[in-house]
Amino acid sequence: MSVRLGLLGAGRIGKVHASAIAATPGAEFVAVADAFPAAAEAIAASAGAEVRTVEAIIGADDIDGVLITTPTDLHATLIEQAARAGKAIFCEKPIDLDVKRVRECLAVVEETGAALMVGFNRRFDPNFMEVRRQIDAGTIGAVEIVQITSRDPAPPPADYIGRSGGLFRDMTIHDFDMARFLLGEDPVTVFAAASNLVDPKIGALGDVDSATVVLTTASGKLCQISNSRRASYGYDQRIEVHGSKGLVSAENVRATTVEIANGDGYRREPLLDFFMTRYTQAYRNEIAAFIAAIASKQPMTPSGDDGLKSLLLADAAVTSVREKRVVEIG
Amino acid sequence: MSVRLGLLGAGRIGKVHASAIAATPGAEFVAVADAFPAAAEAIAASAGAEVRTVEAIIGADDIDGVLITTPTDLHATLIEQAARAGKAIFCEKPIDLDVKRVRECLAVVEETGAALMVGFNRRFDPNFMEVRRQIDAGTIGAVEIVQITSRDPAPPPADYIGRSGGLFRDMTIHDFDMARFLLGEDPVTVFAAASNLVDPKIGALGDVDSATVVLTTASGKLCQISNSRRASYGYDQRIEVHGSKGLVSAENVRATTVEIANGDGYRREPLLDFFMTRYTQAYRNEIAAFIAAIASKQPMTPSGDDGLKSLLLADAAVTSVREKRVVEIG
Amino acid sequence: MSVRLGLLGAGRIGKVHASAIAATPGAEFVAVADAFPAAAEAIAASAGAEVRTVEAIIGADDIDGVLITTPTDLHATLIEQAARAGKAIFCEKPIDLDVKRVRECLAVVEETGAALMVGFNRRFDPNFMEVRRQIDAGTIGAVEIVQITSRDPAPPPADYIGRSGGLFRDMTIHDFDMARFLLGEDPVTVFAAASNLVDPKIGALGDVDSATVVLTTASGKLCQISNSRRASYGYDQRIEVHGSKGLVSAENVRATTVEIANGDGYRREPLLDFFMTRYTQAYRNEIAAFIAAIASKQPMTPSGDDGLKSLLLADAAVTSVREKRVVEIG
Amino acid sequence: MSVRLGLLGAGRIGKVHASAIAATPGAEFVAVADAFPAAAEAIAASAGAEVRTVEAIIGADDIDGVLITTPTDLHATLIEQAARAGKAIFCEKPIDLDVKRVRECLAVVEETGAALMVGFNRRFDPNFMEVRRQIDAGTIGAVEIVQITSRDPAPPPADYIGRSGGLFRDMTIHDFDMARFLLGEDPVTVFAAASNLVDPKIGALGDVDSATVVLTTASGKLCQISNSRRASYGYDQRIEVHGSKGLVSAENVRATTVEIANGDGYRREPLLDFFMTRYTQAYRNEIAAFIAAIASKQPMTPSGDDGLKSLLLADAAVTSVREKRVVEIG
């Protein structure tokens, strides 16, 4: 029996997930809703799904799970509605930019017993999955230091910056989740230093665009994160994990393996420079994992609690920069 | 209006092309035929196509083009039938193992004016396409020396060897096509040296498993090919093209970018070790090119003539090894 | 006319510098002193130099400059004596582990007008020199984030740890100097987090063995340092510098370019695992620079002030860990 | 007791070997001779050696071995004289360009029992030594296919081409020796294809500048060599050896590990582009091996016979190109 899905939000990331559903055997894409009917209709037409209202999808008998890819400010409310309607829920990160609202929402999820998965897609990247698999296999012994380099190719538009929650809640939050995924232990302190170096407009909006973060855990593990809103050479997404027995690292991804050599030296192409291209397979794997969890009634990962914990780290980083101090996580 | 396709042959490679059709916008997979009905039904079911007989597909009014993925000994006959029925034709390489039969078949294709594309999938690999694009862009100046390393992970089963036409017609033929694709000029001499080093069973079947080939062109360009039926580290598929201004090369492809370091050194995973995994994107691009050529009524590449010319090079290599001499291409 | 040199201290690093002098045209190695006459004699014999007392070397008329490679606790006193005797001075880092003593010593150097160079050899590594050269050439635009990974192959003996001044003053001090060399601006804040993960004996001695440091400058540049006393895969010494226009990085150094591939994957050898092997060329270049500065009467770099500033950063890091706070540099 | 050496020929390569002697403990550089007294005096002065005549060096009682680095046409005669004088002999390749003359010379060497080493320096390159060591250790099982890519950065001056003996005897001869070194078995057939693509002046002199060679051994091992007199990206010197259990390869060597990334991609510097820089360590190791063989009275490798055999392969390659056929080695 196939897993029947509805999509709430027919924007850029909604389309990615619609493709992922189509590529997943055992999944059926039933319906899509969007405030812009044309967007919903485009996805529906190409996927053989119906256009319905949000309410109709959440309340439908022929739908097992919903994917929430609306603007962020609707996430928590839709999660609550879907949870009460007994739907399995996939929600893009973040649940909300406000920790209090996230806690309320997760209380509803808990109370209803709904299955909730939060969209930290990078956990499903084949490279980072392999890093984690090597850690779990004991290849590098006990994890000691995690180093994450995460740089966007270019800053988002100014209007996006304004409603993004700022660098730490919008961009670093993925790295906080990756840090937790790889450390195998929750950070207990956060220190962040940040600057506005890339674009003065970002500073004018009260945000930063360049940052370094240090996390520590109770057992003394360390994690470094390096962020920038700019990387002229592409979307820079690297990880290295140092352990008691060795190092496991994941390098960047390129479209081809071609190299050109001449009097100027040896040149390889820039990195894939768009998150949807870089993480195509991760998005596929993520949605497949959501569908498999529904089918098998297994717990979902990353969970709502994972979403909350990374948001708490982001909030702590904001505090750390503002108050120029180390922040302890309660 | 979409391009309507029929598939003749529901084996391993037939399935790959069925997926490629599904992934190509503007294509419609109408019907599939196979000597084993169950195989045809499996593909039909998953793709929403019908099962028909070969004759019904070739004669169908609702089909624009056929893909021939049957055993090799049927290729030429099916091409002729499809050409006479006015269908556009994609045929897996080789058209036939016998040059005379290939010429007869191509005469029919010419006479009927049918559009024919031969399945040298590697021309559509993103890495090798980029190598060619750089050559065409003048990045390396005039091509001087092409070096192709092409090694299978492991020998095929003995019964396959027996009907394969031998190493040069079965395996090197891809490299001959790649040489022609990159040299931009037809070879005029072939020299091959070959040995049976990998498995004595291959030698007992009268075939070789390790080979080096040198091609020269009229203008003095040189090409080296290195082949083996064994590569413990995966499917080794590399190219380098040296020109008057520089070098362009394509390295092997791996599933991940992960590296592990410890007291034994730095270790990366083996290569992708299966041709269908290694060339997944190439197969997609190839079928998309076939479909696009039908839709736009543009000439198809690689053509039947490309198929013939690589077979002539393979035959020359066989002669070169047998007679221990350089063979000139007529 | 050649530059005539005396060596104070015939230990491991003294031997390295004796070789460097021999390899530098225009330098003459006149005499060596050591508390252990046999050590001095061994160097003297192989280099064609005399054994003298420390006092005789510092007071000699036939010596232009001295190299101080004694135990650390003698550095400051010998610098003062040599400065007063009008000698040019090369001194291994650190001048002293105590900032107050360093300041006293530098006051004498200033008062006497002596030329003093401090042994931060890594500035003379060909790879890091090239990184700096690219920055100076404007290749990457304005420097924004510096990332230094610096890991020793294995912890030093416990008795060395005890008198080393601790991780930050002994090991990270090289990275502080490198940070200053590459940032082109002095850090104004230091944050450090550190743990004892490698060997409990190090913790028992009150020291740490794993650390991350964040430096910020007045203009908002950021620097990350990652340290460990253990790297099973060799001596890990990497740098990346992100700027407004791009990235310049220096990878690790290996003895050979050999790679082995088989069913386990692709394997390269571990890194050079000894600082003297890894930095052989850096030591040569460093001593050549000292000799050239004497000959040309040019200012010496890195200077005594560079030595002091990196020690201040190390002290700040110690404070940061102890007091769990960001430390501002006065 | 030290090994006392005389140098016959104070040109470019003579200077390299003079440095190598100076860097080898247990060696004493006694005297140098050259047709140009100034050249000999320059080396003598910097090395603390005497200038003598060739005859005086060959006849000297205070000299154990001679290094012959004169123009090629003097090699054989000087080897014969030194052999008769009981000296150990190191001679740059080739012994002579004429096989008959080489055989005469080697007959004298055999008759006198003289120790003779021929200067195939690449055997002493740390990378290629490691490749050989891995083969000897059984890492890749039985050797099956050797692939050598060997390209000069730029053609030598026309007047050098004229007296070089041609590409195969001048340049490929190093690759022939490397092939023998790695195959562990003498080639029995040679096929070569060659062109004049780089510079018409080379063709006008009757020589080629681009070549591919295939060697086979009695047991069926294969070797490919790819040569060009031009490589815009530096001195291209790569080897891969495929065996029954895996692959061992040696990549090119660069001056630094620096990489620059920006919108144009990732760029590393060109290769070392001068044979003396690329093979600095090989020259050192080679001379150290010569000296060690004198001291220990062990057989010398590569021997005069190694020199002869590579010349025979070169001659066969010349014949192969001229007569467009495979040439069997007697």
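Going by the order they are written in, the chains are A, B, C and D; count residues from 1 in each one.
By our rule, a contact is a pair of C-beta atoms (placed from the backbone, for glycine too) under 8 Å apart; a residue touches a chain by one contact, two chains touch by 3 or more.
The structure presented is a predicted model; accordingly, all values stated were derived computationally and were not measured.
**Q** Report the chain whose mean Cα position is at the greatest distance from that of subunit A.
**A** Here the answer is chain D, farthest from subunit A.
**Q** When I count C-beta pairs in contact, which pair ends up with more: B-D or C-D?
**A** B-D
**Q** Can you compute the centre-to-centre distance for subunit A and subunit D, using the mean CA position of each chain? Integer Å is fine.
**A** Here subunit A and subunit D have centroids separated by 58 Å.
**Q** For subunit C and subunit D, what's the span in angstrom between their mean Cα positions?
**A** 40
**Q** Which residues of subunit D are in contact with two or more other chains?
**A** If we look for residues of subunit D contacting two or more partner chains, we find 232-233, 245-247, 261-263.
**Q** Could you pull out which subunit B residues touch subunit C in their complex?
**A** 232-233, 261-270
**Q** Quick check on the complex: what are the subunit A residues that touch subunit B?
**A** Result: residues 126-127, 130-131, 134, 139-140, 245-253, 255-263 of subunit A touch subunit B.
**Q** What residues on subunit C touch subunit A, complex-wise?
**A** Within the complex, subunit C touches subunit A at residues 142, 144-145, 147, 149, 151, 189, 191, 193-198, 210-212, 214, 216, 220-224, 226, 228, 230-233, 242, 244-247, 324-326.
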